[in-house]
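Heads up, the next two complexes both have subunit A, just with different partners, subunit B and then subunit C.
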Partner chain A sequence: MFRKNSGCERYSFIAGVARFHFAKLILPKTEQRFETLSSTTDRKSTSGTEWAVEAIGLTKDYGRKRALNHLDLKIRSNQILVILGPNGSGKTTFLHLISTVLKPSDGTALVMGYDIRKEALKVRQVSAISFQDPRGFWRHKPAQILSFHASMYGVGGDERKKVVEETLKEFELWDSRNTKFMHLSGGQAKRLEVAKLFVHKPKLAIFDEPTTMVDLDGKRMIWDKIKELKEENGSTVIVATNEVREAEYLADRITILARGEHLVTDSLENLKDSVKGGDIVDLEFSLAIDQALLRMIEGISGTVDFKKISENRLRVRVSRSEDWLPVMTDKMHLLSSSNRITSIKVSEPSLDDVFLTYTGNDPEKE
Partner chain B sequence: MSRSELFLLLSFDLREAFNSVSFVVYDWFFFGFQFFIYGVILSKLIVTLSNYLFYYGTGLLVLMSFNVASWSGRRFVESAHEGRLRYLLSLPITRGEMFLEQLLLGMVVNLSRLLPPLFVILALSHLYTPYSLAISLLVLTLVTIGIMGLMISLSVIAFRSFDIYSAIVASLSAILIRFSTINYPLSSMPKAYAGVSLANPVTYGADLLRSAIGLDTSVVLNPALGATVVIALCIGTIFVGIFFISTVVEGVKSS
Partner chain C sequence: MTQSGSSRRPIVETRLRPMTERRAMFKVLQVDLSYFFRTKWLIATLVALNISDMLVAGLVYSNMMSLNYFYFFAPGVIVSGMFAAALDVGRRVNLSLNEGVAQYYLSLPLSLDGLAFAHLLSAGLGGTIYASILLGVASAIIPSLISPITLAIIPVIFIVSMGLGGIAAILNLVSKAGDRYWVYAQGVQMVLLGLSTVFYPIQMISSYFPSDVSRAIVLNPLSQVADALRSVVYSIPISPSSIGLVFATSILMFLVGVACYRYVFKKVWELGKL
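== the complex of A and B ==
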């Protein structure tokens, strides 16, 4: 009857429930939403435009195969946008289009206000991409690669030397700085690919699956560095990934693509809320659950379905627990029963559930 | 700003190209063996040309240029297949600059391979002067650029099919080398062959080099005509190359 518990439990408390408990329950989520709203509407990018990227009917065909189908998407400045999508959804194509590695078949996009068709060089000057597969510099060494990359973006002299050394150390590549690229491990090569963007810190940083092939410690380090890029440098960051944990850790907003179509873009909270019946509320009562109580639960707006787990325990799927719980407690007071709630546990849907809802695919299996 | 980025990229690529000098040394050995063994024996057999050895030697230089040009095209193809090209495409340089960088890279690599053999020919033929050296290098550079532009332009075929590209380049190379004056003069060819050779820009490049070095001009084409064809080839293939690089490589044609 119910989907498996997502494991995203946030609130659990036992007691005779008073209203102020619900205020506590609701407040963090609400505050968080306001914070997101204010930050997205008030902030302007370093370039002065509100939108770092505006894709307008962006389309890409490979022969007869349409990889991206009239994509309309706006990405706010100074945010981390994570693009989720199954394989072949058009994530990489989109990233290659906005970094001008590919030309669109139709439509266009503005990157920091520059048109990718007409001002491709300007686009490349304000943005940089870390590719999915680290390849192509077989005979060069990490120090040379980073130094070259920095110099191409105008970082010169002592500053370049300093920033390359720092980056090599931060990305745990210092000991391998003079090892030829072809002799690096997969994880090292991937870290080097990601590190390129940290030697010049572009206004728009694009990462295509930045932590594939990287071990757990390395993943966390890369995620923290990506967040730092936004927070300390004011960069706008776009990350394409299949990894839900990565998306949850990084994203200010999430875009879901499937079959070259843009399905949705929103904050993680809103996406989770958009899953109908996504919140699971486990209720425990002091007495056995009777028919009157079940009818009351069924009658509350937002109840999707429910199941008796035991004589005095009930699991209810609701659309938004923040709206549902206050109504439920109000109605409990009105019931002329001595039955009381002794425990409430709320689980919200995971990003897996969100992804599943929109695409019908499990992202981690892609 | 952009020009400096072009040279940054060039120095980065040169570091890789000269990471292993074995190919350069191999080319010198190749020239030495061909010239001092094969060339000497051939020159004893061929008596219709006065001193065929140096005629053959200059042909070898053009052949080596051709090989370097083919290497440039193949390298470009490999860079696409290895994922290096997309990185280059994401860098803040124009497509035209990227193409020019490839040409400059080929030129430098070519000169590194051809300078010692050219000295050998000039010295042994007693035709060395600073002028003959400079003008010979200029001609070799123009020939290399022309053929390289052609090869890099052709390399866009490989984005569709590497097999078709390999077949076309192998066939074209065979035709351009055999139906040219790299190894034998026009006057010694059957009329039908000579007709085809006259439509081949490599013929003009090879003969122009012989004129530049100062070899017997009775068996080579008019150098003014040769210079015109070689310069036209350079300009033409540069424009075609830039066009292909800025359109096909970024995938517009696939729409």
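== the complex of A and C ==
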């Protein structure tokens, strides 16, 4: 069975060509820009449950510096949207705007149908943000900080006590429950910052780099908890990160921002497909590669370039291997040659490649 | 490592119920006030200074001078303690601006007005609780302080403390984030406590200052509270007009404080900083 896998290479023999035709039919085109709201009527019709967030020309200036430039973005309910972008791309500004921590300079956003400018209090009731830098009362202990946070969202009495205890245990903060916030390690403080959102489980949970400073075990635990928030609570989750592994693990959809502009939003699969020449197809033939075969390969739509690796091995760079391979195999049959394909290896672009393509920066170095 | 899925909780309806503004305000007030009493070194310094002023300096001076100076001095110490405790709200807001907690507050279901009110109420309560402790200590030495009139003065202390919170708000606004707040607070303390009858009788002050300044010194709310406490100490009836004046000044300062804090938090909302 032919398998396409991200980040690693899998070998298989051609046996499922039809799969590519099917994939071609079901995969949507990459959305270079998200749907733009055209009228007030459109806005009202989408302010119900379908869209958790609708940013409409959202702009933020810090003095003369524009941090976010007329951003139009719609985020579907009950999804995990990961925002990737280099430093200064406007990720944190966007999160602060939709959580009403910042006021837009222009434009607005609807959060669960509530306008962040006019109905900030309602927005705050349905959403919560976990900041990039942990924000806590320095002289309070983790249990007290979580208890305060829970009480602000109406979790009261015995229920609050129970939830706080469970959350402290889940986030491995139980042993540090009597340590003041100012004495927690960076990783512990970050866990506490993330844990805040799990004591009341908001309908819109916003995480700004949720696993920076957290150890590897902790990262996986936090990712699982974030997924659980979506799957069990039905929350919409927005995560801003520079960590590609985090994006790949969590994302239903990915948005890439750069210089305050919205570059693209799509599924990971579609984003990878959108990288021109990003798929590398290594072909091995039973006989030596001749000129007719090379001309045939060159003539297939989607071939970006190719290189002969050895007498019977060829490396072809294509845009979408799932479109290109069926055409190539069909044409192979038409060639009056006894040469046959003995092996196909497809390597997909990684999310790093996607990021580099759109921004020209390496996210991990940001 | 705790397994993330080991203890699944049902979604409880209460978590989805929005909290009322009043309750949210109360929670912020509670946290802010507790922050004052958690600052142990500050409390220890304040208590030590105030108690030593009251019990050591006051009693020693009483014996050195041929008048009962302690009866005059103790209300002054109570007022200066109230002043320090109430003004401390500015330090806490300053810290919250520097540490980013102000932005955390802005993400919570609480309006800018609610946040401003919570801080000023916390100043009122902080000043009242602290002054009440000192009042209790003084009452052990001055029997006339154990009186229903003393209890009646406590709400006055609360209102004045909220007004002092208003002054702290002005200082926060002027000093922005950073360390300048401390300098301004010390300056205000020098002026308000220096130009008052908290530690000196008006007869003495008026011999040093022009009459207009002396009149302003008498109208200083700190002078009014100290004089009201002295009226209780010396069993002299308190003038209702002076209490009315204290209320009016304090409420005005409180309203100015609400406006200032509202402006401070609005600026943080608009610019991300003050």
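We adopt the following convention: the second predicted complex is superposed on the first by the 317 of 366 C-alpha atoms of A that agree within 3 Å, B and C clash if a C-alpha of one lies under 4 Å from a C-alpha of the other, contacts with A are read in each partner's own complex, and residues count from 1 in each chain.
The rule is simple: contacts are C-beta pairs under 8 Å (C-beta built on N, C-alpha and C of every residue); 3 or more make two chains touch, one makes a residue touch a chain.
All values derive from a computational prediction rather than experimental measurement.
Steric overlap between subunit B and subunit C is present once the structures are superposed on subunit A.
After overlaying the two complexes on the shared chain, residue contacts for A:124 are found with subunit B and with subunit C alike. Once chain A of one complex is fitted onto chain A of the other, the partner contacts of A:135 extend to both subunit B and subunit C.
In the superposed model, A:320 makes contact with neither subunit B nor subunit C. In the superposition on chain A, A:106 makes contact with subunit B only, while subunit C stays out of contact range.
Ranking subunit B and subunit C by residues of subunit A touched puts C first.
When the two structures are aligned on the shared chain, A:148 is found in touch with subunit B and with subunit C. Look at A:163: by the touch rule set out above, it reaches subunit C but stays clear of subunit B. Subunit A residues in contact with subunit B (one complex) as well as with subunit C (other complex) are 62, 96, 99-103, 121, 124-125, 128-129, 131, 133, 135-140, 148, 151-154.
Put simply, subunit A touches subunit B in their complex at residues 60-63, 96, 99-103, 105-106, 121, 124-125, 128-129, 131, 133, 135-140, 144, 148, 151-154.
Interface residues of subunit A, counted against subunit C in their complex, comprise 62, 96, 99-103, 120-122, 124-125, 128-129, 131, 133, 135-140, 148, 151-156, 159, 163, 166, 169-172, 200-201, 203, 217, 221, 224-225, 228, 232-233. Subunit C contributes residues 1-2, 4-9, 11-12, 14-19, 21, 23-24, 27, 31, 34-35, 38-39, 95, 99-101, 103-104, 106-111, 269-272 to its touches with subunit A in the complex. Of all residues in subunit B, those touching subunit A in their complex are 1-2, 5, 8-9, 12, 15-16, 19-20, 79, 82-87, 89-94, 247, 250-252, 254-255.
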